[in-house]
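After this come two complexes, each holding chain A, first together with chain B and then together with chain C.
Up next is the complex of A and B:
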C-alpha cells in the first residue's frame, strides 16, 4: 500500500516537473531573444545576458537595405496571397455550404491537401513548375505558391464561420424579395465579416512566416523578410537577429490585438482548431 | 395558358401532384391542394409528415421533383423565391439581428425600391397593426418572444404579399402569449383578407385558427375540410386519432338497413348511421374499426330512451376542473367518456351508469 502511494507521488512529481520544464522552454528563449534585441551597439554577437542596452540593433535592422527589400516583397505578397485565397475559399465554401454543388467536396479535399503534403515537396514541385513556365523568380510565382499554402486556413476558417450563419436569415431575405446578390451583400456578408478578418490575418501571417516552401522559390532580388532573417542566421550571428525577432513578435502581437478587438481571440483560435 | 386550365379561378395557391424526395425518403407524395383567396389554411400533421417541406416548396426555398405550383393563376414552379411576392414567418422568426425593428420591416420595401417618402407612414401603420408602435428603434434581441413574432409578422405583410406563409410561428411562445397571438394573427389575416397557409403540429391551434385544415401524414394529404368536418367526420383513423381523443373499437358488420349499419362489438350490438360516402362498399361480416369521441358519449344514472344505450360501471374518474374524464367498462368493452362538470349529477368511481351515444356520432373505418 505504502509502495503504491510512493509510486503515485513520484509519478505526480515527475509529471509536474516535466510540465514545468516544457513551460520553461516555452518562455525562456523568447525572454532571452527579446532582451538580447535591446543589447548595446558594442555587443557584436548574440549572447545572453545581453551586453549593454539600447535600440541600436533595431536601428541597424530597420535601416538595413536587405530587410527593407524583404519587407517590400513580403507585405504585398502576404496581402495579395491571403486576399486571393480568401476569395477562392469563399466561393468554394459557398458552393459547398449553400448550393451543394456536385464535386465541391472533392475540390475541398483537394484544396486542403497542402496541409498533408510536406512543404519541402511543394517547394520542389513549384520550383520545377515555375522554371518550366518561365515564371521562376517572379513575384507572381510567389503569390501563386503562397495562395496554395494559405488556402487550407482560409477554407477552414470560412467553413467554421458559415456554421454560425443562420441559413433561415438568408431564406427570410429571399422571401422578402431579395435576389441572390442582395442576400449575399445584405445578409451573408454581415454575418461572416469576423471570419473574413480572421481568414485574412491567418493567411497573411502564414505567408509572412513561411520558410520551407519559400526557400525554393526566392532569388537574391526577390526574397521575403523571413528568408532574409534566415539568411542572416547562417552568416552574421549578431543581435540584429534578436531585433528582427522582436519586430516580428511585436507585429504578431499587434495582429492578435486587432483580432481580439474585431472578433475575439477565443473565436479566432476556435476557427483554426475546427476541422 | 394551357397549364392554367387545370386551376380554378378562385384558387390563390394551387399545388398539382407535387412530389419531393430527400435522398431515398419520399417527403411529399403526389400532393395536390388548392387554397382559395382570403382563406386561412392550415397544414396539420405530426413532425416529419412533410408539412414544412410543402410550405418551403410554396415559398420556392425547395424545388419539387415533380408537379406544378400556381400562385394567382400563374405557374411559378421554377420562379425564384424573391419574385413570388410571398410573406413568410419562420419558426425562429429569422429577424436580422443587426437591424432595428424599423429596418427589419423596411427590408422588403427597400428591395422593391418602394418610394422613400411613403415608407415611414406605411411602416408606422403596420407597427400599429401589430401593436408595436414606439419600438421601431429597438434591436430584435431587446424584444420579448411575442414582440419578435409581431415584428416577423409585420415584416412579412408590409409589402402586401400574394400569400402569407407561417411556419409553426407560435411554437416558441409560452402558453398565454400563444393563445393571444392565435387570435391576433387570425384577426389580422381576416382584416387584411390575406390568403394564409399555416403549418403546425398543434391540433388546438389548427382547429381554432383555420378556415380549412389539411391533415398530412407521411408526405400525403389525407383529408381537407373545415375544422368541424375534420373533427366530427374524419375519413380516416389517423385523422380521428391525431385530432382530439377518440375511442377505437374493433367491430364486425352484422347487418345493413336503409339508414343504419348494425355492428357487433364483442357481444354488444351498436347502431351506426349509414353514410353514403363511408359505407357503400361495406359487406356483412366485414371487420371494421369503429370510433366515437369521448365527449359524444353521455352518461346517466337512469336508463335513457333511444339506440346505443348500454349499462356499465365507472372504473376511473379523473377531474380536470371544467370537465371530468371517465373510463366506463361495459362487459369487456372499455369506453373513455368526458362530461362537463355541472351539467349532469356527480358520478364517481364504482357507480353503475348508462352510457349512450347517437348513431350519427359513430365513425366507421378500415381495420
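Up next is the complex of A and C:
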C-alpha cells in the first residue's frame, strides 16, 4: 500500500514538473526577447543575457522609416479589409439565413473554401492574378487579398452570432408594423452587435498579423508592418527585432484588454479555438 | 466578387502551372506542358523537401500534443483559480501575438549568443558557440511554440466536457492515479486528442513563418520552397505547379485522417457496446 502511495506521489510530482517545464518553454523565449529589447546601444546581436541597458533600440525602431512606412500601410489596410469583409459576410449570412434553399449549403462551403487551401498557395494565386491584372504592388491589391483571407472568419463569427438571435422578436416587431429596415435597425442589429465587433477586431488582427500570404504581394514601397519585421528577421539579428517584439507584444496586450471589455475574452477565444 | 477573386486566382494558378517558364517580364510561355510537374518528381531536392516537411510536421505535431495535454488539463481542472486565470491569459496573449514575433523570440534562445549557448559556454561544456539556428530542431521548436497556444485552447474546450466526477468515482472505487489516467481520463479525452492532433499536423505542414525565419532558407520546407521559387527565382509556373501539388497533398492528408478517425471511432463504439 505504501509503495502505491509513493508511486502515486512520484507520478503527481512528475506531471507537475512537466507542466511547469511546458510553461517555462512557452514563457522563456518571450521573456528573453523582451529583456533584450532594453539592451544597450553597443549590443549588436540578439543575445541572452542582454548586453548593457538602455532604450536606444526602441528609439532606433520608432525613428526607423521602414517601420513607420509599414504602419502607414498596415493600419488603413486592416481597417479597410475588415470593414469590407464584415459587410460582405453580413450580407451573405443574412441571405443564407433568410433563403435556406437547396443551394445555400453549396454557397456556404464555397464562401469558406479559402480556409482549406494553404495560405502560401493563396499567396501564389493572388500574386499571379494581380500581375496579370496589372494590380501587383498596389494598396488596392492588398485590400482585395486580405478580404479573401479574413472573410471566412467573419462568416463563422457572424453565423455563430445569428444563432443567438431570437427570430420571434423580429416577427413580433413585424406584427407591430415595423418595416424590414426598422426591424433590422431596431431588433436585429442590437442583438448582433457583439458579433460585429468581434468580426471587425478579428479581421483587423488577421490582416495586421498576416505574413504567409502577404509575403507574396508586397513591394519595397508598399509593405506591411508584419512584413517589415519578417524582412528584418531574415537578414539582421540586432536588438531592433527585440524592440519591435516589445512594441507588438504591448499592442497585443492592449488589444486583448479592449477585446475583454467589449465581448469578453472567453467568447473571443472560442471564435478562434473552434475552426 | 471577393469569392470569385479566390476561385479565379486558383484557377489561373492551375492554368499557369501547365505553361513553360520564360524569364521576366513575360514570366510564362503559351505552350501547354507538364514539364513543371515532371520536374517536381524528377528533382531529388524537391522530393527531399517534401519528405523533410512531412517528417518535421509529424515530429512537431506529436510534441505539440504532448506539451499541450497537461496545460489543457490544468485549464479545465477545478482549484488553483489564480494560476489558471494567469496561465489562460498568457496562452491567449501568445495566440494573438504576431507570428513573426513568436519566431523571432527563439533567436534569443538558439542564436550564437542566445540563452543555450550562454549557458553551455558559461559551464565550459563547449568552447565555441554551436549553431542551433537554421537547423531542423529550430524549425520544429518554432512550429511547436507557434501551434501550442492553439492546441491547448482547442484541447481544453473539448476536455471541459469530460468532467472530473468520473475520475473521482474511480478514485473512490480504489483506483490509483495511473489507473485513473489510463482507464478513465485518457479514453474520455482520446477523441479530442486525435482531432486536435490531426489539425495540428495540417497547421504544421502549412506553416510558413517559423520555417522561413528559423530555417533561414537552408532547411527544406515546402512552403518556403514555394515562396523562394515565386518571389526570388521568379519562376511562376514552377511555383504554381508546386502549389497545386501541395494543395492536393494537404487535402489528401485531411481526407485520410478523417477516414482513420472515423474508423477508429466506430471501432471504439463497438468495443464499448
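Note that the second predicted complex is superposed on the first by the 246 of 275 C-alpha atoms of A that agree within 3 Å, B and C clash if a C-alpha of one lies under 4 Å from a C-alpha of the other, contacts with A are read in each partner's own complex, and residues count from 1 in each chain.
Here is the rule we use: a contact is a pair of C-beta atoms (placed from the backbone, for glycine too) under 8 Å apart; a residue touches a chain by one contact, two chains touch by 3 or more.
Remember, it's a predicted structure, so these values are computed and weren't measured experimentally.
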item: Superposed partners chain B and chain C on chain A - clash or fit; value: fit
item: Contact breadth on chain A, by residue count: chain C or chain B; value: C
item: First, second, both or neither for A:120, with chain B first and chain C second; value: second
item: Which of chain B and chain C A:160 touches, first, second, both or neither; value: neither
item: Partner chain(s) touched by A:229 [first = chain B, second = chain C, both, neither]; value: second
item: Contacts of A:45 with chain B and chain C, given as first, second, both or neither; value: second
item: Which superposed partner A:194 touches (first chain B, second chain C, both, neither); value: neither
item: Chain B and chain C, minimum CA distance [Å, superposed model]; value: 29
item: Complex contact set, residues of chain B against chain A; value: 59-61, 80-88, 90-92, 94-96, 98, 107-108, 111-112, 155-156, 159, 165
item: Residue ranges of chain A touching chain B (in the complex, touch as defined); value: 166, 168-169, 171-179, 182, 186-187, 190
item: Interface residues, chain A side, partner chain C - complex; value: 4, 7-8, 11-12, 15, 18-19, 22-23, 25-30, 32-33, 36, 45-49, 84-85, 88, 110-111, 113-114, 116-129, 131-132, 144, 147-148, 151, 205, 208-209, 211-212, 215-216, 226, 229-230, 233-234, 237, 241-242, 244-245, 248-249, 252-253, 255-256, 265, 269-270, 272-275
item: Of all residues in chain C, those that touch chain A in their complex; value: 2-3, 5-10, 12-13, 16, 27, 67, 70-71, 74, 87, 89-109, 111-115, 118, 145, 148-150, 153-154, 157, 176-178, 199, 205-206, 208-209, 212-213, 216-217, 223, 226-227, 230-231, 236, 239-240, 243, 246-247, 250-251, 254
